[in-house]
Amino acid sequence: MRKLALILVCISLLTTGCWDYQEVDRLATVLALGIDRIPGSKNVLLTVQIGKPEGKGSSKQIGGQGGEKSYIIMNSEGKSLSEAILSIGKQSTRRVVLSHCKTAVLGRDLAEMGIGEILDDLKRARESRRTNWILTTDKTAKEIIEKDISLEQLPGRGLDHILQNFKKAGRVVPMNFNDFFARLNGESHVSFTPLAQLEDIDKQVTNQLEKVVGRSLDTEEKPKTLTIGKTAVFKNLRMVGVLNEDDTRAHKWLVDSPKGSSITLAYAPQAQTNGDKGDIMFEIEDGQTTITPHISEEGITMNIECTTKVLIHELGATGVNVLDPKVVAQLELQTAEAMKLQLEHTINTAQKELKSDCVGFAENLHNYYPLEWKQIKDNWDDVFPTVDYQIFCKVKILSSGTISNPTLRSEPE
Amino acid sequence: MPEKGIINTKQFVWMLFIIITTLAAMQIPSMLIMQAGRDAWLSVVSAWFLDVMLALVYAYMGIRFPGENFVQYSITILGKYLGRMVGILFPLFFLLVCSLMLQGLSQVVNTIFLPMTPFNVILVSSFLVSAFIGRKGLEVIARMTEVLGPLFFFSIVTVCCLVLPAVHMERLKPQLDEGIAPFLIGTPLMLTSFGVCIIMAMYIPLCNRPENGFLAKFSAVSMGALVVGLVTALSVGIFGIEDAQYMNSPGLQLAKMINFSNYLERVEMVWLLILVGSGIVASSSLLWAFGQGLAQIVGLKTYQPLIYPGALLSLVFCIGSFPSSLNQTNFFHYTFPIVAAFVETGLELFLFATALVLNKRGAA
Amino acid sequence: MRLFRSRKRKKAPKPELSQPLAAETDAKQENPPLNNSLAENLNTLQTMFANCTDFTYRELKIGLELVPVLLLYVNGITDEQTVNQNILKSLVNIRCSNLEISRSNNLEMIKNEFLEIGNITEISTIGEVTDAILTGSVVLLLEGTARALQIGTKGFVGRPISESVTEGVVRGPREGFTESLRTNTALLRRKIKTPNLKLEKFVLGRVTKTEVNIAYIEGISNTKVVDEVKKRISLIDVDSVLESAYIEEMIEDEAFTLFPQIDHSERPDKVAAGILQGQVAIFTDGTPFVLIVPTMMIQFLQSSEDYYDRSIYATSVRLVRFFFLNLALLLPALYIAITTFHRELLPTPLLISITAAREGAPFPTVIEVLMMEVTFEALREAGIRLPKPVGQAVSIVGGLVIGDAAVQASMVSPITVIIVALTGISSFGIPSYSFALAIRVLRFGMILLASTLGLYGILLGLLVMQAHLVSLRSFGVPFFAPLAPFNLRDAKDLVMRFPWWAMGERPRLIAKNNNNNTQRQKFFLKPAPPDENEQ
Amino acid sequence: MSIAEAADPKGSRVWNPLIEVGVLEEDKHMTVLIVFAALAISLAEGIPLGKQGQWKELAVMSTLLGMTILLAAGNYLGLPSPLSLLERLLEPIGKAIFK
């Protein structure tokens, strides 16, 4: 009797179910998401990139060259992000799922007007993940989402790959939702994201070549290329500025670690005071930056200590003799100086230009001087530009690649 | 005695561990972070200590009244009528915990697995399965936890290891920023949810070695505290206290952070499955404790017919009192600690003191 | 109809038992003693065996006084040669006067002095005579004696000992049990040479009179289990036992379950191994399948070859087997749950290629999977039942048509075919056929649950299944042991198969004896090269 | 549309402590189901108990089921459940202690 009842319950459960059942070919898988503000209104313009499954009929081709693209773009508008997401349903025959969307791109207008309203949705939505990447652009997110990335069938995944690579090596700190939120919630309320740009690299190259050759080159018109090399800084939910590429690199040394980055040194041996400068490039194999705050009567001082281990990547035509320990020591010193200069420039930009603590001074102060911090906390924005800092850089050259000295020396003048 | 099954100490440990952890690992960390901020893990440690102290009392009572659980010895101590009135509070408390637990788990299942499925379907099916298991008796529950418990423990530890790269130590600093008050207030919150393992008093008489009661509880609470402490500390270290305190389930969010070499990601469902499975088994042992306790108070020969009605009653509690997850969170945060503190600590200490004063002992 | 019948039987079990079927009446109820007169005895037996062409009798007159003697046997189940050579010939050759019509010890004399046969017993009732004849003995009746001699001449020409079909091994003994009980016990006795190996006889089946032997080693097996086996077997009261499955179903602990709780084998080495670790084997005449009790679930996943291969290899094979057990149970369900409920679990490229593969598929995934699974089961069944050459044709046609043509015709998506094929292969990885049957049935339940509630449904199904599994017992031994209740000592032969020198103990739960001695060998006999100086 | 509303597209489970909890239509169906379930349990468990003559067990079980049905009926009519009453009593204390 009891078993019969159990069976009945099971059957009734089985026959009435299937609320969430959804065939996989009735879904539109979003790969990347672009959010723009419609100028002059509060409305959000959403651009989504949806992977298009290649049916058995259609021919499979790579990267949409000549053939069809393997993704489609859809746009929708709404008062808020979730409303915009829902209203994609108006044009899509398939249910939109966001669980595979790994990248969200913020348009510049939106970022500058404030992102507070969309953040809640990004945190709350079931399908949103805190490991997703966040990007900002200097123009509109729509362009970035619509952009093909060469070699990639699905540009949305291409963006993911670029940012994944940054995690291992790169000049930019990739930002996932979690760190972005956590930094915004942090003591300084300053956060940052990588900045995606569309650059006409081909045009630039052609122009330069044309100057050299002196005539117009007969090259094909190529589309713009997506590059990620700068950093957008957010303060109190608003984008306040951009760090240029050099500052971005030094910014990475400060807030993440110098590891995986590179540094170029304009080398000038002291013996040859005139000329024969050459560029030497180092790859930073390992490194660490520690910021130690120090409060004294004079004020707040930040001791920034940056130790790196580098590999010689390129000696160029400098003609240095790296087999000479003295030269190596000198190289190390000069590199440290170059790093210091770069760091100083970056901190200066943050203090004077952006007036936002994107270098993490506030966190360190809070950690080291919790009591004092409570007093500074409220007027930190005013204090930050005046904070003094000292930079100590230390560079250790580990190896020189597969050869030691450059074999081809530049001709003496 | 209604229950004929015998459990061994290993099973005892895993059963306690599962009950503590499924109740605590899901929702407690965020409440704790709300109370204690970055020092939440300290609350876990101090609650662990206090709970071990409390366990001493329970273990002692288990030995002083051999072969009796608290339902029975409250009758022995306080007499036929008062003892029954006091004794019935324990089964009812287990029923309440069962409601809370299954509501929370079903809510998570509804949000993560089946967003379009009616909540009640999930709730009813989880109650059905846990009553099915509960009716099979303590031995079956014990054996199931023996399989699920280690799985659960290692899955949590694995999750914690996999999210370690995402931890930013500076989000955990500075400790004791606001003094010791926050973590002291957090302690009772944690203690009350650890305290659900007063169910140990139901198990001690059925254990093949009742004198190991304290040891079992100690190991279970230590494992539970380790897990909850890890989840709490990692949540702070990863999300920061501002976000972590309002998360419905920080443990789940932690699992969502897993991204191991870009291939192993979005696996939180696997972890969640193990958690929900353990939760259902844990609530079935709560239902069992309800049935067993009630059967002993009334003096029945068998407790099994009471399991399904108990589950139904618990379901009605759920539907009537927690129409939404917000209700449940609110109850869990503000009302449950008071109730739990009364039952877990107040009643037991009262019984303990009365037994000492009246010099009552169990019939050996 | 069935429900009604079972109801009726429950209500009135007694009267039915007291009124056996007509065919059994004479044998059971009236068991008159033998008569002094040979003619009358013959008359009684002839009426009993009317219309039995194989019933043979031969009248002889032996000795100087020509004492009438009657030989009775059933043709075909006796060894004709023995009857002729050792009985008839020696009887005919009796030439002494000691045999007198009036003497009473004639029978003893024949038995003691003339018959060249080892197995002779004296019987005294008609019932015993019929029993003896029907089990292949020759019965000798003597004029003037109310007793008879049962001469064991069982000589049924059975199948020779051949390799086991259902449990093949690469390394290990090739012999398998046959249909003859004596051969089977002999095979066992050849392996276990101790008088402590006890073989106890039961006769089951009122009509079939099937001989059943239980085998165990005194001192190793648990006496409680042996007593329980004896008790349960002696409670059986049926008309027929044609296969050991009849007994299995009547002595198992829980009737309403998909899982077999008693293992069976047709390999003497496996049965011997079972007996040696304290189990009890139940031999049934007429079938090569021997039951082994008590059984733990883990045994269904162990093959006898595990113990003949190197232990590391055996361990890894077991791991594969456990993995494939789970696949066989869950793979189609997981496929449905993940593709139709939880797409997040798939890597993005896989999701897109699955979507592409399903593009334009006419049926929902569940229907597709169910269709293919049912087809697969049909193919499998057809392959087993059909004559061997045709069976192969079926599998070829099935593979080609279902695998390829169905995809070509866009009936099913190729991934479904992969899933179903993989599930099929996985289910072949389970060594025990009867356990695989349970998994096969449960798989469909899991598919239904997965299509209703996704992974959560699978979870609920697994919980219910596990609760059921751990609540099962086989002759008092927890079925799910040594996993739950967990026993570290017994876990030496769980997923891992420890080397023989490290498995010092018999499984405690099975062999826990009254004297509690489960020691099998000296502790840790790890082999090592001899010391240097000894060389 | 506020953020909170936008984030909860189902919109059915927004709870406001200031407004008395209304009874949703879905929960009304549940009440009916619970009554049926109670009857089913009383049949499935009660008949064997009755056969074995365990009247005390039967009585306790029926009392439990009766309480369940009463509570379910209370839910149906929108009466506060015992836990809600408990919550009203104890929540102020909890709020005083915890943040």
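Letters A, B, C and D mark the chains as written, and numbering starts fresh at 1 in each.
The criterion applied here is as follows: a residue touches a chain if its C-beta (ideal position, glycine included) is under 8 Å from a C-beta of that chain, and two chains touch if they have at least 3 such contacts.
Keep in mind the model is a prediction, meaning the values are calculated, not measured.
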Chain closest to the middle [Cα centroid of all protein chains]: B
Longest centre-to-centre distance from chain A, chain (CA-based): C
Gap in Å, rounded to a whole number, between the CA centres of chain D and chain A: 51
Averaged-CA centre spacing for the pair chain C and chain B, given as whole angstrom: 47
Distance between chain centroids, defined by C-alpha means - chain A, chain C (Å): 68
Set of chain C residues in contact with two or more other chains: 341, 344, 453-454
Overlap residues in chain A, where contacts from two or more other chains coincide: 13, 17, 20, 99
Chain D, residues touching no fewer than two other chains: 41, 44-45
Complex interface listing, chain B residues touching chain D: 31, 34-35, 96, 99, 118, 120, 124, 185, 188-189, 294-295, 298-302, 304-306, 308-310, 312-313, 315-317, 319-327, 330-331, 333-335, 337-339
In the complex, chain A residues that touch chain C: 3, 13-14, 17-18, 20-25, 27, 29, 31, 51, 53-56, 97, 99-100, 102, 127, 154, 157
Contacting residues of chain B [partner chain C, same complex]: 8, 10-11, 109, 113-114, 117, 121-122, 125-126, 129, 132-133, 136-137, 139-140, 142-144, 146-147, 263, 266-267, 269-270, 273, 276-277, 280-281
Residues of chain D that touch chain B when the two form their complex: 13-15, 17, 21, 24, 26-27, 30, 33-34, 37-38, 41, 44-46, 49, 54, 56-58, 60-61, 64-65, 67-68, 71-72, 74-75, 81-84, 86-87, 90-91, 93-95, 97-99
Chain A-facing residues of chain C, complex: 256, 339-341, 343-344, 348-349, 351-361, 364-366, 410, 448-449, 451-454, 457
